[in-house]
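As written, the chain order gives the labels A, B, C and D, with residue 1 at the start of each chain.
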């Protein structure tokens, strides 16, 4: 009888782990709390650094899933219990047995309204990077609430990252390059627009990222080194923003038509409950603590529970796919050594 | 300091320097300010080393200063340089030996241009032909006069009368070197030891018993900078650059500064006087200033030539303290006498810089 | 002294060998949050005084860290102690306390 | 002893007591005369006028209620109150009854003070006299009463919690010596009287039985003189200690009560009144428990009692002066009624850190013209949801308002005041008065209690000043705003500056009552806790502020309220930084959600938060 692996979360990491475990001959039960697979990436329009459509990646992943994977959509896992060396996973009132667990629960976008002085949820044209993506998906360009094209757009980096005031002291790592990508896209969609990025440091750590940054500079995106301190709403829903231009040591204010908050990655609250069930303590930032950061990055403290993707901390898609491969292999080793 | 590291770099930058038959080309500044130095160079080559060296009374400036101050166009520059090459050819020599670092830079730059853009060379041929009816060939070897001294440093050492050892303390003299910017910064491969750790002067000091001091602003410009100096209002930039160098070397208490560029030698020397007069500050302990020597002058001293024949009385910062340290026998009364014994008269005495009559 | 018609230029360099870092040391001893700045400028941009003058808390701290104490102390006087910057700082620098420490340094000078 | 003898009896053992008493009386009378003479002419007039008015009997009543019965301490904790009362009132009664007894038995003769105190020594057997049994019984009962207090005091040294105190004051050596003397007085009296009663088979129900019992196994005849000597020495020593210890509060508090009744208050700098207050502090330590720095952060050496002690005897350290959030909770709880906040504020003024012309750069700036002027203040600009909700309500009520500092304001000066920077604050206040007067408003409304406090206390504006909670309530009462009550459970957090600072407790509650069900937390109104964001303190870290905020929040939300309402932008920001799970909203946001005919609904942040949460779950 083949063994069963439960994968919690149908984002990039969950899909990739499913594919790999299925290839290794396991029965896979995939739980996804949303009505569709793909996670956050599925809701994204285009991906950095090469700006391919996110659907390409998601479609490629879903098409490779075969029938040995049982996909449960709109299925929120409420509880995981240990029973005689295996697990009982309870979702939507139904319990299913699993021999190993892979947590691929992902993250939540930082709730931008916690940064009250930025005016998200209060001022009309203050949006998040995720909302900008859906604007690109539906309109191909950003639109102000009054239906006009924004003539001036400001991207605010590090919203919910590197900020102890909202208990997010860590760097979310992907927002810098996302902002640069989106800035280019705004510039391309509305060539007459002025685009500004307010950054503290630009952390372009991956292949092609620095090129993207340079491309943005070439296309006329302006970069201002300073963190947004406060916003006010002006006539016509425009937004007055204030920052220090730290390179010239002067306060700077600017009225823009649209403010895009580059929300960081936050630990998902519902993951916390599962961690409690499995007796795994979260790390300092609230993400899943892996067993050994360098050598066992997909193990957890709990036997038989593996982890991949952004539930371990801010990740990009490549990181998630790599972790998913590793996790699948580790699950295989675990299940065959018994 | 990892000397092995420097030696590695020095070995990477070894240039080809001719052995004999030099076509000597004068420097505008050196022949005006340090005529004794030129004279002693020729005497060392001819009398001490037995080399054949000639010069032509028809050669002109390379127009480098005019070129760098954007007065002389590049085409003119090339043509003037080509004429000087033609003169050497007329004399039947192949080893071009300029005394000026600016000129050395100009020649190097033009030869490199011609190498990459042969059409420029062709153009220059046409211009020269049209203007003077002359033809020219590129020199077989281009070496600065300091390169030549460097090449024969060990021969000079063998024939030397004095060494760079303090006769009183027995310690090696501490020497700071200053290489002209245009010697190797533009074309590092054309300088002995490259641009970052040039060996052309350090090699002389080592060979003659002194100790080279690696001070932080060693690579910094002397402050000449053509345009900065030529306009009076801009001279603040020039003197500030020298000041930065003096401040940087001060704590090492150097016995003298050694230069290979006539302009640098001039500014390192004269700005010490100007700073002393403007700000009341000298960069040695006794108010004498730090003596500044060119490589020819130093070679002359080591070989036992009379300091006044070398022309050291032309220096603003008096060299007598150095002569004492080296144990050189000299006659103070001869300082301001001409070659024929005629009294040249005393220069005006500065207010703040010690002056030895 | 002789006037030749030109002067040497003032040095425009942080000479950290000669810089007086006593104030920086004493402030970071009294309140270690002084060291946590990441130079984002939130404080300056939200600053009530900064709207009227060139006062910059970030720059003031930086000046102290480079030993430019007299400039920093002169700047600090413009602060109204309103505390907005404390709320804006992502690194929880105890800004009001630092201003007080700088002002106190002024008293002892 | 012949009670009718003209000659007054004497024994040398009374000397320590008598000398101590004479010293003390001279000292206190001298000190009181000195203090009164030092008052300003203004205050002296108040004292003279007050003396011949109803205020004097009122003061006497207060002395009785507070100094003897310790009513305020009783309110805090019954056992603690009983301890203080039994000591003070019991001792007082012992003295009164002792004197009555002596006068009675000496037929009205005026006796030196030592006679009533040591009456049992001079007259061994009272029981045989008329009413003797009554007096001995009463005196024994009173002694028992006092001893029960002493017993509690012993107990409190080891375990203070049952007496309602988590922390007790750390006393100096001389205070400990005085305390020892005090603790010995009554047990020694019991011993002396019991020995006497045993030897002569006299005394009341306690002294007699203890004396008789001791006789069965002890040679108590040898204890007779030593016990009376010891009792006298303990008394004398205690009296001599009084001027140099915290026990000076016993006489000084009486003076303080009178002075306060006559209308004397703290000035802008330390005054003679301060001297009286300093000496009135009994170092009971109630302020230590009131202080959140102690209870939340474990900083238990900088509370008001220590500051007062330090000012009285030497120079307080900077740390002592600075370590206070200026929440004034201790002020409210001080049983002696010392104006601690003013004393600390004056102490902070000693170092002026800013120059005369620090803010000369504020020039030519203007606020917007307005009828009803709305002022957000510095902090208010960091909470746009608050001003947006407030202004939306104004709009609905048809108020002709303008947001006068929309483009930025200068600071109100209160933060500088709190830091003791009075001179600098004055500069800002003067500038701000002009700016506000120039906008021509008839009403000034602010949503920042910090601004409201200084506007009210120091601005002397000719127009009424309201906190937005007060103004919104007025609008509701004028029927310009109508709210729909829901079953939202709300706890209200009193901001320090609005509650204890301005006495505004009812209006926010009345207003919130129109929107939902109000739950009071354990510490509310005068006792409400500080959020931890206080501008009154600079020497605690953000982490420490978070700790305070979390504890305060957990208390506020303990009753399972749906939302914690606050009325101060700083409180709101502080709470939000400390907790992600508790919903925090300004009063204006809650009211906006509850407003009727909310057709053009401007979503407040509070609603947003709910929605976002639903999406994420």
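Operating definition for what follows: a contact is a pair of C-beta atoms (placed from the backbone, for glycine too) under 8 Å apart; a residue touches a chain by one contact, two chains touch by 3 or more.
Computed from a predicted structure; not experimentally measured.
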Task: Steps needed, at minimum, to go from chain B to chain C via contacts - done: 1
Task: Between A-C and A-D, the pair joined by more C-beta contacts - done: A-C
Task: Relative to chain A, chain with the most remote C-alpha centre - done: B
Open item on the list: Closest chain to the protein's overall Cα mean, using per-chain Cα means, please.
Closed with: C
Open item on the list: Distance between chain A and chain D based on Cα centroids, please, to the nearest Å.
Closed with: 53
TODO: Could you tell me the distance, in whole angstrom, between the mean C-alpha positions of chain B and chain D?
DONE: 86
- [ ] Go ahead and note the Å separation of the Cα centroids belonging to chain A and chain B.
- [x] 65
Task: Chain centre separation (chain A, chain C; CA means) in Å - done: 38
- [ ] Can you tell me which residues of chain C touch two or more of the remaining chains?
- [x] 46, 51, 87-88, 92
- [ ] Spell out, as numbers or ranges, the residues of chain A touching 2 or more other chains.
- [x] 117, 164-165, 230
Open item on the list: Per the touch rule above, enumerate the chain pairs that touch, sorted by label.
Closed with: A-C, A-D, B-C, C-D
Task: chain D-touching residues of chain A, taken from the complex the two chains share - done: 108, 111, 113-114, 116-117, 119, 121-123, 164-167, 230-233, 269-270
Open item on the list: Could you list, by residue number, the parts of chain C that touch chain A in their complex?
Closed with: 38-47, 50-51, 54, 56, 58-59, 87-92
TODO: Name, in rising order, each residue of chain B that touches chain C in their complex.
DONE: 232-237, 239-240, 243-244, 274-275, 277-280, 351
Task: chain D - residues contacting chain C, complex - done: 351, 353-355, 358-359, 361-362, 365, 378-379, 381-382, 408-411, 413, 415-416, 419, 421, 424, 428, 535, 538-539, 541-543, 570, 573
Task: Footprint of chain C on chain A - complex, ascending - done: 117, 158, 162-165, 200-201, 225-230, 242-246, 249-253
